[in-house]
Amino acid sequence: MPYVNIRIAGSLTREQKKKIAEEITDTLERIAKKPKSYTYIAFDELPDENWAIGGKLLDDE
Amino acid sequence: MPYVNIRIAGSLTREQKKKIAEEITDTLERIAKKPKSYTYIAFDELPDENWAIGGKLLDDE
Amino acid sequence: MPYVNIRIAGSLTREQKKKIAEEITDTLERIAKKPKSYTYIAFDELPDENWAIGGKLLDDE
Amino acid sequence: MPYVNIRIAGSLTREQKKKIAEEITDTLERIAKKPKSYTYIAFDELPDENWAIGGKLLDDE
Amino acid sequence: MPYVNIRIAGSLTREQKKKIAEEITDTLERIAKKPKSYTYIAFDELPDENWAIGGKLLDDE
Amino acid sequence: MPYVNIRIAGSLTREQKKKIAEEITDTLERIAKKPKSYTYIAFDELPDENWAIGGKLLDDE
């Protein structure tokens, strides 16, 4: 651990995932003192029609 | 918040997701007093072979 | 399945959880045609200091 | 319940999922005394670029 | 990875968690060829009133 | 969205959670272009005996 699950609607480029993983792993090392090798990060990219805010699917907006 | 994650095997139509999101958001507003705009709902639709009940994959049944 | 996970900051009364579980199970039966006995609902009630929106812990607000 | 979520990067064959589901359901029956029919298992297979360990995406390694 | 999340209502003894963790880690090594050291297992023990099956909280039954 | 779930064994101080939430929300704004107000972060702090790595509970080590 830690295990971090990032869930978004839509997609991220490989480059975005790479940078986000680097930064979050660094944040958890500096602030929570978790060795980098322990941190797992899993990205879930959902279709817009699978995410609702305020009772409306995102592809409605 | 709230964050609601609905996980099913198989798929839902867009219309089903739309109605489910509306009803659950309404339920949480009426009963838990959560403003509608705060409620996130994420649907995960898994292949039947990725879900097991009683030790058997669903596509076995 | 379905498996539904409802995550909130703060707490719900037993009565609120009971009603929410009834309504969501009913919603999934009517709209998604899932037999009631199949639906699992798990509530996670997190302390306010364990939930952040917009980069601020909820107990800051 | 129990609800078990197995998340991996890469994929499993149908045969692997079948055996894993059988064994874990059996483990939970023998050790935790959970009737087999109660155990739900959901597999999530993520692309390698959606999983990071030690700040690096798995398809970097 | 893998990351395994086991969610139950009620509680497990430390001894039960220990044996379940050993067996599941072994299962994933033998069948999915995942090195033991890679497998993370997280147990969530929920109060009975936080879990519903068939629209009824478990402490109702 | 995004919804970020950070799961650790052990606990974090309120100050650590506050800083982690700020940094991750900032990371997702800069890199993924997600407006800060959209980002939900939920922290789960598990007892050491509820987390296993390599088949051993963390409080064994």
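Note that the chains are named A, B, C, D, E and F in the order they appear, and that numbering of residues resets to 1 at the start of each chain.
Please note the rule applied: a contact is a pair of C-beta atoms (placed from the backbone, for glycine too) under 8 Å apart; a residue touches a chain by one contact, two chains touch by 3 or more.
Which chain is which protein? Per UniProt: A, B, C, D, E, F = 4-oxalocrotonate tautomerase.
These numbers were taken from a predicted model, which means no experiment stands behind them.
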For chain A and chain F, the contact-path distance works out to 1
Between A-E and B-D, more contacting C-beta pairs sit at B-D
CA centroids of chain A and chain C: separation to the nearest Å works out as 21
Taking each chain's mean CA coordinate, chain B and chain C are separated, in whole Å, by 11
Check: chain B positions touching at least 2 other chains come out as 1, 3, 7, 40, 42, 44, 51, 53
Contact graph of the chains (line, ring, star, complete, other): other
Here the pairs of chains that touch are A-B, A-D, A-E, A-F, B-C, B-D, B-F, C-D, C-E, C-F, D-E, E-F
Listed in rising order, the residues of chain D that touch chain B in the complex are 14, 17-18, 21-22, 25-26, 36-45
The residues of chain A that touch chain B in their complex are 7, 9, 44, 46, 49-57, 59-60
In the complex, the residues of chain C that touch chain B are 1-9, 12, 16, 19-20, 23-24, 27-28, 31-32, 34, 51, 53, 58
Touching chain C in the complex, chain D uses residues 1, 3, 40, 42
